[in-house]
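Heads up, the thing below is written out as structure tokens.
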Amino acid sequence: MDLLLRNAKVFTPAGPVECDVAVKDGKVTKVAGDLQEQASKVIDLTGKYVFPGLVDGHTHMEFPFMGTVTADDFFHGTRAAVAGGVTTIVDFITPPKGSSLLEAYKTWRSNADPKVISDYGLHMIVREATPATLEEIPTLIGQGVVSFKLFMAYKGELMLTDGEIYRLTKKISENGGVVGVHAENGEVIDELVGEYLRQGKVEPVYHSYTRPEELEVEATNRVATIGSVLGKGVKMYIVHTSTGESVDVMSSYRRKGYKFFNETTPHYLVLNVDALRRPDGHRFVCSPPYRSDEQRTKLWHRLGSGEIFTVGSDHCVYSDQQKRRFKDTVPPFNEIPNGVPGTETILPILFHFGVRKGLISPETMVAVTSYNSARLYGLFPRKGTFSIGSDADFAVLDPNLTVKITPDVLHSNIDYTIYDGVTVTGWNVMTIRRGEVVFQEGQVIGSKGSGSYVPGSNPTV
Amino acid sequence: MDLLLRNAKVFTPAGPVECDVAVKDGKVTKVAGDLQEQASKVIDLTGKYVFPGLVDGHTHMEFPFMGTVTADDFFHGTRAAVAGGVTTIVDFITPPKGSSLLEAYKTWRSNADPKVISDYGLHMIVREATPATLEEIPTLIGQGVVSFKLFMAYKGELMLTDGEIYRLTKKISENGGVVGVHAENGEVIDELVGEYLRQGKVEPVYHSYTRPEELEVEATNRVATIGSVLGKGVKMYIVHTSTGESVDVMSSYRRKGYKFFNETTPHYLVLNVDALRRPDGHRFVCSPPYRSDEQRTKLWHRLGSGEIFTVGSDHCVYSDQQKRRFKDTVPPFNEIPNGVPGTETILPILFHFGVRKGLISPETMVAVTSYNSARLYGLFPRKGTFSIGSDADFAVLDPNLTVKITPDVLHSNIDYTIYDGVTVTGWNVMTIRRGEVVFQEGQVIGSKGSGSYVPGSNPTV
Amino acid sequence: MDLLLRNAKVFTPAGPVECDVAVKDGKVTKVAGDLQEQASKVIDLTGKYVFPGLVDGHTHMEFPFMGTVTADDFFHGTRAAVAGGVTTIVDFITPPKGSSLLEAYKTWRSNADPKVISDYGLHMIVREATPATLEEIPTLIGQGVVSFKLFMAYKGELMLTDGEIYRLTKKISENGGVVGVHAENGEVIDELVGEYLRQGKVEPVYHSYTRPEELEVEATNRVATIGSVLGKGVKMYIVHTSTGESVDVMSSYRRKGYKFFNETTPHYLVLNVDALRRPDGHRFVCSPPYRSDEQRTKLWHRLGSGEIFTVGSDHCVYSDQQKRRFKDTVPPFNEIPNGVPGTETILPILFHFGVRKGLISPETMVAVTSYNSARLYGLFPRKGTFSIGSDADFAVLDPNLTVKITPDVLHSNIDYTIYDGVTVTGWNVMTIRRGEVVFQEGQVIGSKGSGSYVPGSNPTV
Amino acid sequence: MDLLLRNAKVFTPAGPVECDVAVKDGKVTKVAGDLQEQASKVIDLTGKYVFPGLVDGHTHMEFPFMGTVTADDFFHGTRAAVAGGVTTIVDFITPPKGSSLLEAYKTWRSNADPKVISDYGLHMIVREATPATLEEIPTLIGQGVVSFKLFMAYKGELMLTDGEIYRLTKKISENGGVVGVHAENGEVIDELVGEYLRQGKVEPVYHSYTRPEELEVEATNRVATIGSVLGKGVKMYIVHTSTGESVDVMSSYRRKGYKFFNETTPHYLVLNVDALRRPDGHRFVCSPPYRSDEQRTKLWHRLGSGEIFTVGSDHCVYSDQQKRRFKDTVPPFNEIPNGVPGTETILPILFHFGVRKGLISPETMVAVTSYNSARLYGLFPRKGTFSIGSDADFAVLDPNLTVKITPDVLHSNIDYTIYDGVTVTGWNVMTIRRGEVVFQEGQVIGSKGSGSYVPGSNPTV
């Protein structure tokens, strides 16, 4: 036996288990109340909360967007991930326009493989629906890229027409893949952006005025309609949902037998639009924007009721300089690269603000951070579950450790955090990836490139 | 006094009035229980039901579309209209792509003025949102064209992007106009049409498979969202609504203080999709297609509850040859010109299937066929009401006259009807337009060109 | 001709009419743009707004309740009514428990006939469903009492079981009557009242804590379910609705073809729960209690959208002494007689806060204050409409007169008003009842007993 | 080790696990991919599906109701249970009116203890809300009776007023219990029953006419309102839900943070109202009645979407003679004892009609038949989970065994089944209760009285 975890209280979607856990060859091999066997390494986890290693289904490492590349490459990004208890990320391949998806896949693999500390899977962003693109989809699914992201916003960049979405969703579904959608009406957003800019309203907060909630709900409703026209074989989810109503749209389809879901992110659960009014508001610019406290409550309740399926981080990090586009003053809101860090803080944010406050159960937290993600992105049962034969991936949380969040305690390649000064109780103190301790005592000890690519298979939802 | 109507039972949106009516210079001047005055002409209406002359807010006379021009020009079309008790039509100006709206207005005026028997107003179809187009809108409103129709379907022909719809709706609303919308998702329809054609499914019934209900509801929800983003100053309606859910979308906005409405047409109330399966199914092709009987019931109930605001005919007539594109065999469904006749049968269809069957009250019938239409299209109070000073426009219905509908009893410039063989009780036997009898004893006696253009002013809804 | 109104701008549910109006024998006999005929009395109404005399469908004059009798008897109450432009009230017969409904009807007639200045109709409160009671219902309908009020609250006093409601609704509907319902869950209210009293929370504001919104919505849903089980022949309305959600329940049934409606009152439209926190909060105690500003907005929007069918006053007046039960200190909230004055201020409140602020159209105001009420209570077309042959009942409003509401300008038999100090623009300056001026220049000049009982016939909704 | 299960494929709410399982002292002690240890008994489960032993949260053994006692006493009933893979039942204590709950608890214990083969817990039916009753509730919870059933139907027998429900729910919630509700409007049902009987409509099918769907939805909405007035500390579920709309009511509350749930039963999922029209329709009489196929689909979809929380059997068995009240002819529907057998067929019905047809996942089946039930009734984690330290309760299903259901293959104390002739694939072939094989090869081998009472603690939902 390579590793023996003693006195582990492991939380699963079906309740906690108090047990000893044996690991061999990176897999969980035995679970018992008391394991007296020999092991190369024994860790006593008394007093800790053990969670299946998080599957962060939404990261953008080394992401080329809006004229720059995100500050966290696969090394820095997965360093932050494992520090936060994330043992698997699913990152977005972003092919240049007009290029081969398969080529982009290869590029991403060659970027990631030598750098990753966590394991990783890959989604594919699709920005056109040409015959060539459509033809590559089955091949990609064969390579383990089973989840495809389609954009209804970022007009002229990533935005697809409804016809293209229809065609791509059809092809993806016929080949057993899953469709992720950035749901905002980019056409109307563009009009609003133009109006605000013409009025000289350029501060970060106007970013939120140009992307009202209604446009997310509308786009969700639209793409769900498109999916439903294609039938019940379609598997679809809305990424980074920021409104309760968008969740309700998808729930109403599940209630009719469709496999339609929502992802949300921690920042929509704990931040509101006032973040954009701060002096450092430019750091907070992301899409969709933060909403009202009323919306936050709606999201928490829908998380608690099981109607939000996954929580990913949408980790998309830019340095303060990047956010300012290397100028002295903050540029107009529409020129600020969109994105915020997040993979390292999923666990403490959900635990402190959700579990401790009674808004969600630990079971739900486990479901949305690992079990559901792994199933939706085709990584289950290798990932996302505490089970015999599955990868021995664990986040070990000290439920009583109180930490004030500052850049110092975090591991991204930037010198700020959007949660600066926030104090939480419950902090990840050890991360085990395939039976190997890759993070402990505040130090990432997993080696660069030790992570593996995990090909997805057909989603099991 | 020019005309005295004796013993008239006039139905209004606020109940029936039994009275004598005096008309002078085309206007109602006096209403009383008993009028003993002298008049050039006296008509005794004992036993008849008198309705304000219908305002058919949806006709396409001399309409250039899909490579042909509708069979009813303004003469034949308004001949049919007055035969059906319609004293005012509101027709759609359809400017060629890239041309001036104002020029098109002038063309339509010069086409219509010498031919119309009924009075008429004009809507403007807008097929682009260029600066030039936007600039013409205030001028058009000054000319009495206050209602603008935007298309979310007919991709490549009439369909606008959401951004264009936003921009046009903004401009129209700022100038006090009203926005009418053909709400179907044309992007997805195009994909479906392609699929069906590729499978050789070309018969008329497949027209309905390519335009599922969901796509109407989605488009309604989308355009209502766009309108709501622009604020409560927007006045908007969905033309030819074929689903109860589309009505529910607009009702939910009215419930929040928006001025959002629905029009439906008689054919969605009485025909279902089986019409397209008939041997002469090609004659029935129109968009949206007919729905299920369940949908028909939903529409009737929403008409009864006051949630459908107007009933127009969408009179858009093609001869059987045109429908077949002058071939021996029926062409693929997507090549059949879209449209059916209807202006002459609004009244008997609504009266027989709605009022007589207890699904709607006569008050509601009056509201949706004249009062609401006149208000929505800015023609009130000159049109659409039985009131002192308003135009003396009347439809006189014999409530006990049973008629079997055949082409012979109708007046369009075609030799078929979509209601062939349908028997109704309640038939229009006389039409009075501005105090002049223009139809009686089955004969249209109003002279060609005697109708007037009625400029619209700001809608009063 | 007895009376000639010159230059009247009469508002109807179908728009305004500018005209002269001739009245003979209390009826409107002629309407014209210009009437040159002789009349005993001529009134020039230039600059005024003329409305059909209001039908206040909800008053409690001489009402024996909670151990006292309301301060406005039929004389004082109808004096206030006509001062406010109300020409017809529909008052509630409240039979003692165990007594004959018919006897109570006779008592109410003998109380009212010698005192009324306005005309009046009668509803019947039913407090039991014995065979004797059921048997009297057809007889009462024959006497013109066509509307029956059933209570779901006031346990032990007026509250009926669901079984009794079912049985009564069945009988009433079979005989063509209409069912009005006080919809609050009286069972739960009683529990809450007990809890608050036991905790010593006895101030007026706790009245509202014991009657949460949810209990109104629940009761509405329940009674609508009961009505729907009985079928589409049932005509039902919720009296004094205070929540938007109660309206939505009834709307959802109308959308399925049921004749289910809501009444609201002016005080729910303009007051919120803070009224109960005032030093004179006891004067404001009524049921249901006032709600939040959010609910007020919901009610205004539903009034604007046509989903609230009528506005009555629920005029139920107690002197300050009665409200205090003749004690020096305010009694516990549950001992304060429930009810507030209102009949005299319906018109200025709706006009100022609704029409002037653009929340409702004048047409809607007319519909909910006269046309719909008259139809629902079976008084149409004699009452509630400006039409040839109908009673010449008018409220004449000076749209520019600004009045600060104080007890001095009002006519109830009490020395306070719940709108004290509120300033409105638009005030009733003349009231005409069956062609007779009964109020002008601030003076009620109609004589005691000059009003008539108006028997109801089957509702025409 | 007492028992070793080899090659088990155990389904859990979080996916299947392929493993060996060690059992000692009735508990699961070790789970591993391969266990080479010694055991008193070894069972190879290759090719079988292993489920956590079912927790049937709804049975009525030895139930005194409608003048008789159910045919399955605790021996026969639990014999049927274990044959169906049910290792724990939760039965309903039904105290006589006016008697002590605690006494009734003792009676039930003394009835059950010597007879049960499965383990069992107890709910308490409460039929009054006297101070004495309320006072006993904390004591009962101390005895492990944490779930209380309240009736909104069976007027005069079990039905409570809304006030009583409020008071009981308050007391139960304050003491950490959970409230189960039979939700049908008993008042209206009684009226309908009277009407049908008076018309001579007495056949079993009229049972369904007197209990329309609307009355279940109404009662659900009412009791949810009552619960919500009491706050978010209330845990409540609707037993034997037969309509999708009742589920939607409770879901809408969960979406606001309430712990409100629904149970359904297999018979509402697979039977429709036609069952009552069969010659042996009297055997099928139960409340609520079966609904339409459309409702069945709604229930399946809500089961699939996770919105139905548990499936219990409502096992309540009467012999054919009892159903006929020992007469030659079938008595009027209202005299037929209500109830059908079910505990033995939960698993095959859900597996065949749900899992095999793709309507629900095996994970969902496990959740609703054991995990959720155990949590809701306070039996978790001892029961309802496959976990270290939990009771070694298992149902072993042969997924390929096709069985035609007849009385012969079942174990209830009656000679008929409501699924006679239905053929299913997937059948329970072995049941293990606390490590002991109590059913195999079609034989119940667990001994009478070998089951244990499992006291409930506070629900963990």
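Just so it is clear, A, B, C and D label the chains in written order, and each chain counts residues from 1 on its own.
In this text, contacts are C-beta pairs under 8 Å (C-beta built on N, C-alpha and C of every residue); 3 or more make two chains touch, one makes a residue touch a chain.
In this text the structure is predicted, and so the values were computed from the model without any measurement.
Undergrad: Among all chains, whose Cα centre is located farthest from the one for chain C?
TA: Checked the centroid distances; the maximum from chain C is A.
Undergrad: How far is the middle of chain B from the middle of chain C, if each middle is the mean of its Cα atoms, in Å?
TA: 39
Undergrad: Could you state the distance in Å from the CA-based centre of chain C to that of chain D?
TA: Here the centre of chain D sits 51 Å away from the centre of chain C.
Undergrad: Using mean CA coordinates as chain centres, what's the chain A-chain C distance in Å?
TA: 58
Undergrad: Can you tell me which residues of chain B touch two or more of the remaining chains?
TA: none
Undergrad: Pairs of chains that touch, anyone?
TA: A-B, A-D, B-C, C-D
Undergrad: Please name which positions on chain A make contact with chain D in the complex.
TA: Its residues touching chain D are 12-19, 22, 29-33, 35, 244, 248, 251, 254-257, 301-302, 304-307, 359, 367, 371, 375, 380-381, 385, 387-389, 460.
Undergrad: How about chain A: which of its residues touch chain B in the complex?
TA: 155, 161-163, 166-167, 185, 187-188, 190-192, 212, 214-215, 217-218, 221-222, 225-226, 228-229
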